[in-house]
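Structures for review follow.
Next come two complexes built around chain A: one with chain B, the other with chain C.
Up next is the complex of A and B:
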């Protein structure tokens, strides 16, 4: 397996919207590569016929009834919003 | 001239018709004041946990059963990661590797009368995002999170569709199905049923698919057809002039009738899915699936076949009447109330009744004429109290809620005249008043017959039985001169 390069680290950080300092990039690259190497070692194990583990708990999802249990608490939630107008949360302009 | 083949696959998002959201107890009603139906879970507040809505699972199972798909006994929810302000958590909860429904199929009817089986790759559960409003907030965007967490079933077809018309036929069939199942209200204007189309072209006979473009958010059948047709033309012209199709997301602009590239975000497809640790695997047992199977209504295709045999209707009539469950139920209620005459009922339900609904853009549920009242009208056609023509007048009065058919016929004096001597009296008056036309008719101008019929009907105010008028008039016009002597 190829170790991660600086460009890939920058891309991963951008996708996760994480700001990392230029000088930290080599450290991240080395640490992340070490994790991938560990995964690579595990990949060597033959897992044919083993169900992939989707969750560490050996339990299944409980379901709830389709009932409305939440009332309008807009005022309460919007009290901590930086800006609101006409019931809307205002955010820096996003255009596709 | 090079021959091209189009390859289309559709991803359809059907909003599931639940009361509450997929992972929270907030309401899903359409049109509420902004952010009044967005609770802490929908807002992605720290420390909250999603809890899956049982009804959503049942609805997805019903769809799976209706398209002969495999229902996964175990399926898994995953996080699809991207940043956008209408997605407060920074990820959408969806299903990725193990969706609840896999490998189904849907048979579509084509215009030439043939049918084609379209594969359904998968259907998975996910939550909808909120809405961004870009206009007029002093350079800011407004975010309404009422829609965030609304349950969606994303139904993904195989790339089996070969034209815009096939794509529309598939979309219509699926729309009909989800509404029949009662799992989606099918309201396309409100976004309850919307479609992304993956479109590519290749040279006929080429085993490889061409590069595809994805057209996003098509919310009407007409737009789907136009957008795909435009896209096919665009791609063919591009390739024939030496260019290359790039894989990208495009938006359809209904005003310009064209698709346009959305400024491509280069990492757009890098969603870094992983299993959501907040949700345990979803396990379905046989009892749950069996209960969903029992709850399935009669499906459109089965109902259509039954209408053809039980009511002896043509394939066309049967498919029109079974287009929606409401219309089919209304038709059957009319036949039951009348106690027979399925063809007469079909003509009226498909004819005047549907025309009035369309004209006023009303849902069948808001019809002012109940099936029992329509049957009351048809009974009077059947026993010849009124003619088919007068019946149209009575129907209008029924629609205006002027009472039942008998009351309207009585009040307006519309009872048909079937008494031979009364009709003869009218005919005699007409003939006496039009000696010139009579002479011309007898001299061989046969088409004046219609003139006489018209005069008789006019004089009888449309109430004379048309068949009797025809017979008696024929007899009298044909040279029984003695009557006029």
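Up next is the complex of A and C:
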């Protein structure tokens, strides 16, 4: 793996929906490359045939009956929203 | 303990078990105790920065309710005992910041299960403790609210991410606190501040209402001065919760009742990988002395190997960032939390709210995780890390076929200085070299104080097989019956 360049960092930041100031991109590129170099120590080990471990206790998700278990608390939860109107969350116009 | 001796100890010097006895005999009320501790918080917090929010008014109301409950004869062991919650646990009507600007004005609309359970036991919440932002850090320096200082030496970090809880307990501002541990965040600050803390088995304590960092690793647990106090707190915190999909449906034993089992014949494994290169030699000597003490208590020691230990940090820095990039996607400036001024469109709203709201370390981990999960890289990073995780877990499985517990240092060094590692993420990550594998395997781990290097504390880590929290607490408790490291107080806060 080559070190990450500034263009790649900008692309990842876009995927992550993070606005990063242009002057900070080289720092991120350097730090991210160092972290990836660290994690690539994994490649020294042959893991062919090793079952990936998705859960520490190898448990599967519990299922429950499809019944309503939550009550409607819209007003309570919307009290902490940045902007709401008539029970709806407001964001800038999406469709012209 | 003899009542006369008990009465002669200052309130803030008492352990939870001692406070519980004093409240039961009526030596003082919970309201008096709570007032005394709130005064200490007011006096000492400016120098420590251990609390983000102090909830004095509601604490006194809870204390009075606890006193009333006692008058009615309905008090339990934790009724009226003041504690603090790490600011990662949602507390209804109280700011829950997770150490982040993005949640600076977030008033949680409900209680975490851990908070509910401790409330039901009658505990009194003094406030919310400082922490690394979203629990990402090993020094408490990534907090939006500024670093916490170590009560043993104000130039030193308290460790992280539960650094506020550890410092508050060590400085006798609270007898106990909650913490969370994703890669060592209970054990490492417990070690660096000279207190006791336990990370339970994954699934033992409910994660509901605990703000998620890396969901397959996160686990809440107690921090206090003694193993006995951790047992009392864990007893109230542990148990099945329908609302946490990974909670384990298995009753929690009475941890406090099992503390006194003798250690004769206990087989302790000492992994050679935990005593090699990278371990400070002065820390190694203190840890070896503690292990010698265990031999005197009747335990046997045997050298073991955990051959994949060196892969724990690389695997963790894929798994944790990948899961965090997904978990932290919910902070979008729409439903709660920080929203940027005058967004020009929806994308601008998302990216600027997140860019302004998250600090540098959180952004780094989100970026690493986003990269590792992006198209074409999944097999090389996430899948590979999950395979390594299996190898690490198998190492422990083989070890526990031979031994009862594993011991070693909690951290390779004592507390480092503020600012010393903050500009070098990789060096900071190595601070968790002995704790991270435990999270990857989902095992329980405990840290207890076993001495000092200079004036900075050293922690011994005890790792157990799944669901052996009772054994770990017992192993720590027996040591604390014959040593007094856990009773040492930092002079400025005695």
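Here is the rule we use: the second predicted complex is superposed on the first by the 83 of 96 C-alpha atoms of A that agree within 3 Å, B and C clash if a C-alpha of one lies under 4 Å from a C-alpha of the other, contacts with A are read in each partner's own complex, and residues count from 1 in each chain.
Throughout what follows, contacts are C-beta pairs under 8 Å (C-beta built on N, C-alpha and C of every residue); 3 or more make two chains touch, one makes a residue touch a chain.
In this text, all values refer to a predicted model and were calculated from it rather than measured experimentally.
Once the two structures are superposed, chain B and chain C can be ranked by residues of chain A touched, with C on top.
When the shared chain is aligned, chain C comes close enough to touch A:40, but chain B does not. By the document's definition of touching, both partners, chain B and chain C, reach A:54. By the touch criterion stated above, A:85 is placed in contact with chain B alone, chain C being left untouched. Within the superposed three-chain model, A:62 lies in touch with chain B and with chain C [touch as defined at top].
Shared interface residues of chain A, touching chain B in one complex and chain C in the other, are 14-17, 52, 54-55, 57, 59, 61-62, 64, 73, 77, 83, 89, 91-94.
Across the complex, chain C is touched by residues 4, 9, 12-21, 28, 31-32, 34-36, 38-43, 45, 47, 50-57, 59, 61-62, 64, 73, 76-77, 79-83, 89, 91-94 of chain A.
Residues 18-20, 24-27, 33-40, 43, 51-57, 74, 76, 81, 83-85, 90, 97-98, 132-134, 137, 139-145, 251, 262-263, 267, 270, 272, 275, 277, 279-283 of chain B touch chain A in their complex. Considering their complex, residues 106-107, 109, 201-203, 216, 242, 245-246, 248, 308, 310-311, 313-315, 317-318, 325, 329, 332-339, 343-352, 354-356, 358, 363-364, 366-368, 370-372, 374, 381, 383-391, 393, 425-426, 429, 440-443, 466 of chain C touch chain A.
By the touch rule above, chain A contacts chain B in their complex via residues 11, 14-17, 52, 54-55, 57, 59-70, 72-74, 77-78, 83, 85-96.
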